[in-house]
Amino acid sequence: MRLQDVRIVSREQRAEGLFALSLDAREIARMTRPGQFLNIRIDHETSPLLRRPFSVSRVEGDTLEILFNVVGRGTEILAGKRVGDELNILGPLGVPFRVEGEYDLAVIVAGGLGVAPFPLLTGALRKGRKKVQSFLGARTAAHLTEKYLVNVHVATDDGSLGFRGTVVQLLEEFWNTEKPAKAKIFGCGPTRMMKALSDFAGSKDIECELSLEGEMACGIGICQGCPVERASGEKKYSLVCVEGPTFNSRDVILG
Amino acid sequence: MRLQDVRIVSREQRAEGLFALSLDAREIARMTRPGQFLNIRIDHETSPLLRRPFSVSRVEGDTLEILFNVVGRGTEILAGKRVGDELNILGPLGVPFRVEGEYDLAVIVAGGLGVAPFPLLTGALRKGRKKVQSFLGARTAAHLTEKYLVNVHVATDDGSLGFRGTVVQLLEEFWNTEKPAKAKIFGCGPTRMMKALSDFAGSKDIECELSLEGEMACGIGICQGCPVERASGEKKYSLVCVEGPTFNSRDVILG
Amino acid sequence: MKTAFSIRNVEFKNRVLVASGTFGYGDEVKELVDVAGLGGIVTKSLSWKPRDGNPPRRIAETPSGMLNSIGLANVGVHAFIEKKLPYLRTLDTTIVVNIAASSFDEYCDVLRLLDEQEGIDAFEINVSCPNVKEGGLSFGADCSKTAEMTARLRALTEKPLIIKLTPNVTHVSEFAKAVEDSGADAISLINTLIGMAVDIKTRKPKLSTVTGGLSGPAIRPIALAKVYEAAQVVDIPVIGIGGISSAEDAIEFLLVGASAVQVGTANFIDPTTGVQVAQGIEAYCRQSGLKDAGELVGALDANVEFSVLQSWL
Amino acid sequence: MKTAFSIRNVEFKNRVLVASGTFGYGDEVKELVDVAGLGGIVTKSLSWKPRDGNPPRRIAETPSGMLNSIGLANVGVHAFIEKKLPYLRTLDTTIVVNIAASSFDEYCDVLRLLDEQEGIDAFEINVSCPNVKEGGLSFGADCSKTAEMTARLRALTEKPLIIKLTPNVTHVSEFAKAVEDSGADAISLINTLIGMAVDIKTRKPKLSTVTGGLSGPAIRPIALAKVYEAAQVVDIPVIGIGGISSAEDAIEFLLVGASAVQVGTANFIDPTTGVQVAQGIEAYCRQSGLKDAGELVGALDANVEFSVLQSWL
């Protein structure tokens, strides 16, 4: 874990309201594993006050890439940054996805900006000699980016590209036709979708890891601000920032 | 008085920590008179919350120029703006300098950033066929800009350029040697200097107008936040933003 | 879509007013704002005699807020009637005159004189200013005095009487209930919070009065909690004030139980804020398919047991 | 240049501590912060039994501030002694353990147990949490109960006893005086201010507990005024808390009478803030040619007559 000022080395718009920033962050880049995130200080004003958490989307040598959606003031300011500007980042944070394991097929399921962590994961999976199938859901084709993903199956709410419906429905179809064995699901997206995915995995008894999002203040376990309900154990909540953001779908109860 | 979003058309560093911004502000440019100011919204965050007041330094057709020093967060952010960025400005505000009058020689006396309003005033004075002598004081030569001023006499605290001492001392020397008749002083600068200047003008019974600075919230007379003590009258205070910023030195008591 | 609401017998064309001391007497901004878009204007607090106000420095910026120590500088009730009221009469909006005095009798004298005048629709009473007789402690922090004053003023006017409460007390709901029981037609809150700032270079307080009143977006969460607390206990309309600078902010106040809002500090950044907030609320209501903005009032979806008494750390 | 100061018999190496609930139990940030640069660490509030804390959502950002509703989530005193204290013992800084309970007896039991442990230098008592027996109203808003609790805890320990006051009362100085008279060695303030925020899309409160505690730079002017008010009436050390994120901020608190400060919310943005603040104060003192940072305490250049009682509007 490091706290450092890094420079923006490239900025790219990938889809509607969706931007990618690459940061020159040597040490942090080396330490980062798939599924981990950065907590980024948007600027040095007191408003917005808190850092904003973003998954690491790619690591290329010394550079880190984040992929984000403009949803509010912080991401709006971030989208306005230019190459050469500095950002203060804290990371890498959180528990990575567990890539190792007794499965042959990795099934990636992303809703909206849930796609962010998967380019990095895809690389690791392929190094680990896993087959990869990727399922992406978005509102429309314009909101979608497949970049750096493989074997992509698309679902859009309005049917403007690929399957018309939710990505989890698309996944079910795939499962019923392909009947994959020894598969593991990696999911990230809006809570509603995570819940549907977790129910699907449970019903089919498929191993499933989710990367959860939620408001955070510190990102490092000192504020207790990011609880997620646990399915078992004497503790009622886990902290998303330090015990997650990746969880086995069996271990958490999604509200 | 107008409230409008304007574009920055040029940005220039004039001296150490001293910047000039030109704004494309048609209507406001046309209405502005020497000594008036703009109240500028630094950005759309809630912090810094309040607008920042700046004298109009020049008017060139449709463009307004402001000249400012980086003294805190607001001016720091302003100095970071780039050509093409937008600013929301309110102006022109305040009572202009009184250029007309029974004097032949206009004596401009500026301390530090007090120089800001004088390029615009110089133009008006020369249109009014007044002779102009300009006295500038600054900490060092590096903090000085004579641009757009005429017949400039310089004083620096460290003597790195021109007279070593305060600009008011320099003015006294000038007065004792030149003994100008039918002169009027126009002064702007730090309060301590304004006080010295006002005492000098009083002792020699010279007509003297000062442009005062001080914290402001609204700039338009609705907050009552910018009082200056009056020398006479039943009202104890005047409001710098609407009854000033230009005052006859006889009418105000500087703390 | 209905935007209007009433207090006692007076109708306000919409639920957004501008707050006392942040809009002058209306004439200062005539070049910038079409006040016909406002539900009403609350004037700067008036006292019997003119007040010069406090010496400089009167304002200091703070994170997302500002401190002020104006000292109730105002023209006094007589000059107001002569010089300011004639212009206010010409405006196409509701006029609320705010009164701040330093004794019971002064409050009564000012209200009695104003009550005879044409063109004043309602009164707002600022109880958070020092009661000289009581050694400078504000009435506003004394529940029984606030109630007693409300009753005395109530007896003097048939016009809507709005009591403006200070937030600098432990349980604002006690004060809200007390003034309701004493005949107030509405309450407004919050006034500014006591705050302070120091210049570490000079080691002097930034404000000439040492402490001042904090306002602006910084205080909005506190204001919202106070309005929510007060709205739980009274049946009369509550007017929410504190850090409002957008329609979204205003709607938060309506949802927790405010019947209307006032925009204050935001006027210093943009005097058209109030008009924009009113338009924004209307747009939000249309999008939500409401027939009356009043449907938002108290429409918060919360279980109240689990509320102000909860631990929050 | 002397940076250290003492409370009772315990020395703190400098005047900057990290605030309860904003620095965990010290171990979470070991990779980032060298705590040897801190005057002390105040732990998260401890209760007898572990507390799960409140359901999500627990935090919401506000202008220059944040609301929290953690619900005193903590490991409980036994797990603290077993799992957290051993690490804290190894740290080269002063350890202050904060206690928050829901009854007099629980406060006493927790303190008694901790008082027997090695490596705890001082206690801070969080009185602003709900007293279940009293129907959820916090002790902190009841002056006599706060005083009574102080006296009972005083009798149980020889270690420094710091009472942490809530700002959500009319006159914090009454509470300050009362706890001083009851034997407290120091007071710390402010805890968070009651606040609230609403999601206008869902019309639900942003926090699961409806209201929460406001902290961060937004509250600094209020905190400074409360610390100033309290420091006027007590002789024991006052620890200033509220929105401090720089040495300049901290120095404001020292000038108005705080003997030390605590850094809270700023740790979430940068956990090294406390260390930086301590270094910044030292640099300021050197530049000002001071021999002891203590020379800043109460060095405000203000005339006090003209103070809290003043009108500020």
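By letter and in written order, the chains are A, B, C and D; residue numbering begins at 1 in each of them.
In this text, a residue touches a chain if its C-beta (ideal position, glycine included) is under 8 Å from a C-beta of that chain, and two chains touch if they have at least 3 such contacts.
Note that the structure is a prediction, hence the values are computed from the model and not measured.
Listed here as common contacts of chain B and chain D: A, C.
Farthest from chain D, judged by the mean position of CA atoms in each chain, is B. Centre-to-centre separation of chain A and chain B, using mean CA positions: 54 Å.
Per-chain Cα centroids separate chain C from chain D by 33 Å.
The distance from the centre of chain B to the centre of chain C, each centre being the mean of the chain's C-alpha atoms, comes to 36 Å.
Taking each chain's centre as the mean of its C-alpha atoms, chain A lies 46 Å from chain C. Along chain A, residues 46-48 each make contact with two or more other chains. Multi-chain contact residues of chain D (touching two or more other chains): 21, 63-65, 68, 70, 216-218. A complete topology is adopted by the chain contact network, contact being made between every pair of chains. Across the interface of their complex, chain D is touched by residues 1-3, 41, 46-51, 88, 214-218, 220-229, 235-237, 242, 255 of chain A.
Of all residues in chain C, those touching chain B in their complex are 21-24, 28-29, 31-32, 44, 52-53, 55-61, 63-66, 68, 70, 73, 216-218, 245, 265, 267-272. Chain D makes touch with chain C in their complex at residues 21, 45, 54, 62-65, 67-72, 100, 126, 128-130, 135-138, 141, 168-170, 191-198, 200, 202-205, 207-214, 216-222, 224-225, 228, 243, 248, 251-252, 255-256, 284, 299-302, 304, 306-313. Those residues of chain C that touch chain A in the shared complex are 63-64, 217. Residues 45-48, 73 of chain B touch chain A in their complex.
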